[in-house]
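In what comes next, chain A is part of two complexes: it sits with chain B in the first one and with chain C in the second one.
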Partner chain A sequence: MENKLSRNLFMIPYALWIILFVVSPILLVVYFSFFDIEGNFSFINYKNFFTPVYMQMTFSSFWYAFLITVLSLLVAYPTAYLVTRTKHKHLWLLLIIVPSWINLLLKAYAFIGIFGTYGAANSFLEFIGIGSRQLLFTDFSFVFVAVYIFIPFMILPIFNALDNLNPSFVYAAKDLGASKWVTFRRIILPLTMDGIKAGCQVVFIPALSLFMLTRLIAGNQVITLGTAIEQHFLVTQDWGMGSTIAVFLIFIMFIIIGLTGFRKRGA
Partner chain B sequence: MTTSAIIQFNNVTKNYDNNPPILDEVSFKIERGKFYTLLGPSGCGKTTILRLIAGFTEATSGEIYFNGKKINHIPANKRQVNTVFQDYALFPHLNVYENVAFGLRIKKMKKQAIDAKVKEALSFVNLHGYEEREIKNMSGGQRQRVAIARAIVNEPEVILLDEPLSALDLKLRYQMQYELRELQRRLGITFIFVTHDQEEALAMSDEIFVINKGKIQQSGTPNDIYDEPINRFVADFIGESNIVKGTMIADNLVEFGGKRFACVDRGMDPNEPVEVVIRPEDMEITTEENGMLNVTVDSQLFRGVHYEIGGRDQEGNEWLVQSTKKSVVGEKIGLRFDPESIHVMRFNETEEDFDRRLDSYSEEEANGK
Partner chain C sequence: MKNLMRAFLSVLFVCLILIVVINRLNTVAGFSGGNTLTVFNWGDYIDEELIDLFEEETGITIVYETFDSNEAMMTKIQQGGTTYDVAVPSEYMVEKMVEEDLLIELDHSKLPNMQYMDERFMDLPFDQGNTYSVPYFWGTVGIIFNPTLLPEGEVISGWNDLWDPALENQILLIDGAREIIGMGLNSLGYSLNDTDPQHLQQALAKLKELTPNVKAIVGDENKMLMANNEAAIAVGWSGDAADIMWENEAIDYVVPEEGSNLWFDNFVIPKTARNVDAAHVFINFLMDPEVAAQNTEYVSYSTPNKEALKYMPEDMVHDERFYPEPELTERLEVYENLGQRNLAHYNELFLQFKMH
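Right after this comes the complex of A and B.
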């Protein structure tokens, strides 16, 4: 009895947090989504969402989030693999993680400097004879910076999965005649799939709603759902439409989590 | 090189960085179709030998031959050997069938051929009907069998077993000892079995290599090694033994515990200091007057099959005796033993010298009769 009581007592801060900062904002967002810009109850926002303008935005959000996720995965998997092979793997991991402690905004401004007309990137292009280009405010620079920012989040779960992989599975595969490539495809990749899924979730979902980078780096060349929400709340003051987009984003996130799954593997 | 030798090690040394070698100039031959056991305490280098044969690690120096071909630099996936791992290393994302079929699929075998072979291998290890089972739903003994099936299905010339029974409970371990031995006889494949359990080694092997500190101490049949251990380490590691200091007075006469005894060992220098081994089960308890050696009992344990009685002689040597007869702690008893039960060991004798000495007088005896 006493145990149960104290356990319930410990639950209070957690429950308060969830109610105040997770449940009630979601309910508020859903509530606001049923009001048009004049403050009248209506479904007009939902109708508007299915117009080509917003569909185009949804599509481009998905497309960029997909690009960012795939590119980070392509960089992160080999990196994580190499790091597990090094002697001081936790030190190397730490060095990779360190940039993620720096504020996102600071990193974005740093890239403005690097990609600017007189920045380091253009000086380099000049030096190797290609000549300076418009780098900032392109979708290339947007994807590049987003991938740079998300890589540590992709590496971490993949590193853990690779590090937990029993090395005798690799020996067993070799012993049974598998080449390096077959061992990777048939043993290492399937056994680290949970890490890949976790990494993709951690990257894809925030990438869907990126808004600051789209303005600072992509110069509004790329308009995603995240940008749209920001604009509706801060510029057009159409809270109803902003909320509706947010409702769809939340809905999409749940679908993605459901698809990639939090399936736990038995021992 | 004889045609029946399938694996040969010539002065193989393995060391990591500049540490003392794990294997030190090891040479041996493995013959086709026999059950070999590499026996030794943990860290003695027995698993390293297995990994060298499997190709998971490379020798620092020396040559390894397989069927007469040097295989030092051939990668593991190109070798005709398969391993049963200590933790079985069954792939958790594949079911029993796919685990066993893994090697065959890599060989790009036809579907029906794979099916037939997997079924055959599974029935060989009494797992018929378990094809669709997930690995996590199987017991330790069943996993063990899957691991064996996964190795034998590839029809390798040699199967390497790395302490495969150590994770099983006692009863299952005994049962698997019988099954493994039986399986090896039926298949006729060379088995190389690594263990630190001397009982397991004695029960299953055709040949045992006793290994300590990166060197092979002694090799031979279980009987040879048990009856004629070459040195204190082997005598102590294999079975229970009484080892006391003594002096070899002349051929067939040894002195220990303050008395002289007839024995069957020969070929030492006169008055050479030696060690004497008598197995506890080779001694018989009798009265003080009839005893060849008198000891005072200072401990007694009931072991079920027999009593284990510990005592000391006048010179302070400890003696362990196994007897079905009870004795009383503090009492003086006599011990009797045959000349054949006494085994004399020289200090620092190499295996070649030991074998040569044993051969020389067993031939003499054969000629004399």
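Right after this comes the complex of A and C.
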């Protein structure tokens, strides 16, 4: 009895935290989404959302988030694999994580310099004979910088999954005559799938609503739902429309987590 | 873990000590209480020598704080944590602050220097009769360009020159709905306060044709990009143009002949003010022609003080880029408060333009 009481008491801070900072903000966002710009209750925001402008924006947000996730995965998986094979793997992992300690804004400004007409990237292209070209304010530079920023977040869960992989499975596969490719496809990949899923979630969801990079690196040539939310809240002060877009993002995230959710192994 | 804790605690401890020391210093310097005046202005927007001069002449101690956006300024005043005595919002923000009841009416009898102001810049729609505000500096929205990067023989004199196919991928636009939609409206000969949906659609269609020439839609970064020769043309504020010219001498600026926006930054006294008398003295001091002239030379925006022009260098006063001929200023318009719904429509169109 007393045990139950103290357990409930200990629950209070956590319950409060979740209600105040998780549940109520989401409810508020949903609540605001039902008001038009003059503060009247209406469904106009939802109607507006299903117009070609926002549909196109949703599509392009998804496309870029997808590209960013796939490219980060392609870079991160081999990196994580190689890091687990090195002697001082935790040191290498630390070195890979260190850049994420630097403020995002600073990194974005650094890339403006690197990708500029007279920047390092163009000097290099000039040097190897390709000649300088427009790099800044293109979708290429946007995806490149976004991938650069998200790679550490993709590497960490994959590294953990690979690190926890029991090597005897790999040895067993080898003993039984599996080629390297078959070992990878049938043993390593399935056993690290949870890490990949976690990494994809951590990258895809924030990538959907990137907004600062779209202006600094892509010069607003790439428009995502994040840009629209920012504009509605800060410039138009049309909180209703901004909230409606946010509601859709939350909804989409639930779907994605549902699709890639962790299934208990062996369950 | 233990080391991490220790590091955290030591950072906190150092911060605490610094706060205490600063508080002590402020009290010693007489910043809290007594005859002080708290001024809230944009960054780098006054000649600091004038602050010293003012303190010497009047014995009032000035606490000077800066902000970098109208919205941030208003939020701080609304919260009322600091007792700001004088603030410098732009014209649309003056209107908004009056609506929100954040300002005190100015006592014109305490501002004799108001007589030196140019009538063209007084009694404007955003604050009729200058009940709540007097202009501090003014400027325009126009075209900042770098002649050395333009194609041979290209002359920029108005908005419509930007649609020249030779300027492909050379233009930086400012990330502001009113500015860019306004540019579209002006280029078609409409007012930039136009709310006729058809005119706005035409402006959008025209802006979409500009897309191949647009390199990027950016914010304050345009100063850095122009100074580094990244683009030939930027649409922006005259004040930014002056800043960029400091860094890159090749840069030139033009007020478009089709018309454009005229903006003002204005002195106001917020409701948070404690030293209302000193606030009037300060505003009056900065409207003194000689003081205003010195200040303008430093800040290099355009002064609304007519008498001050007499004390300024000839080449500055006759620079048509910053003091356009009256016949051109007549074509410039001040932003009117269009109301939430129209503002939302402007933003919607701007978003569509960005999508294109």
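Rule of thumb we're sticking to: the second predicted complex is superposed on the first by the 263 of 267 C-alpha atoms of A that agree within 3 Å, B and C clash if a C-alpha of one lies under 4 Å from a C-alpha of the other, contacts with A are read in each partner's own complex, and residues count from 1 in each chain.
Keep this in mind: a contact is a pair of C-beta atoms (placed from the backbone, for glycine too) under 8 Å apart; a residue touches a chain by one contact, two chains touch by 3 or more.
This one's a predicted model, so the numbers in the text were calculated from it and none came from an experiment.
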After aligning the two structures on chain A, examine chain B and chain C and state clash or fit. fit
Given the superposition on chain A, what is the angle at the CA centre of chain A with arms to the CA centres of chain B and chain C, as a multiple of 10 degrees? 150
For the three-chain arrangement built by superposition, which of chain B and chain C touches the greater number of chain A residues? C
Classify the contacts of A:Gly116 with the two partner chains as first (chain B alone), second (chain C alone), both, or neither. second
Output check: A:Thr236 vs chain B and chain C. Expected answer is one of first, second, both, neither. What do you get? second
State whether A:Val75 touches chain B only (first), chain C only (second), both chains, or neither. neither
What is the contact status of A:Leu136 with respect to chain B (first) and chain C (second): first, second, both, or neither? second
Using the superposition on chain A described above, determine whether A:Ile256 touches chain B (first), chain C (second), both, or neither. neither
Which of the two partners, first being chain B and second being chain C, lies in contact with A:Asn166: first, second, both, or neither? first
Contact-wise, after the overlay, does A:Ile97 reach chain B, chain C, both or neither (first, second, both, neither)? neither
When the two complexes are superposed, chain B comes to within a least CA distance of chain C, in Å, of 35
Show me the residue ranges of chain A that touch chain B in the complex, using the header's touch definition. 166, 168-169, 171-179, 182, 186-187, 190-191, 265-267
For a test of understanding, state which residues of chain A touch chain C in their complex under the given definition. 37-38, 53, 56-57, 112, 116-118, 134, 136-137, 215-216, 218-221, 223, 227-228, 231-232, 234-238, 241
Contacts from chain B onto chain A in the complex sit at residues 54-56, 75-78, 81-83, 85-87, 89-93, 102-103, 106-107, 136, 150, 154
Touch list for chain C against partner chain A, complex: 71, 169, 172, 175, 177, 215-219, 221, 224-225, 228-230, 340-341, 343-344, 347-348, 350-352, 354-355
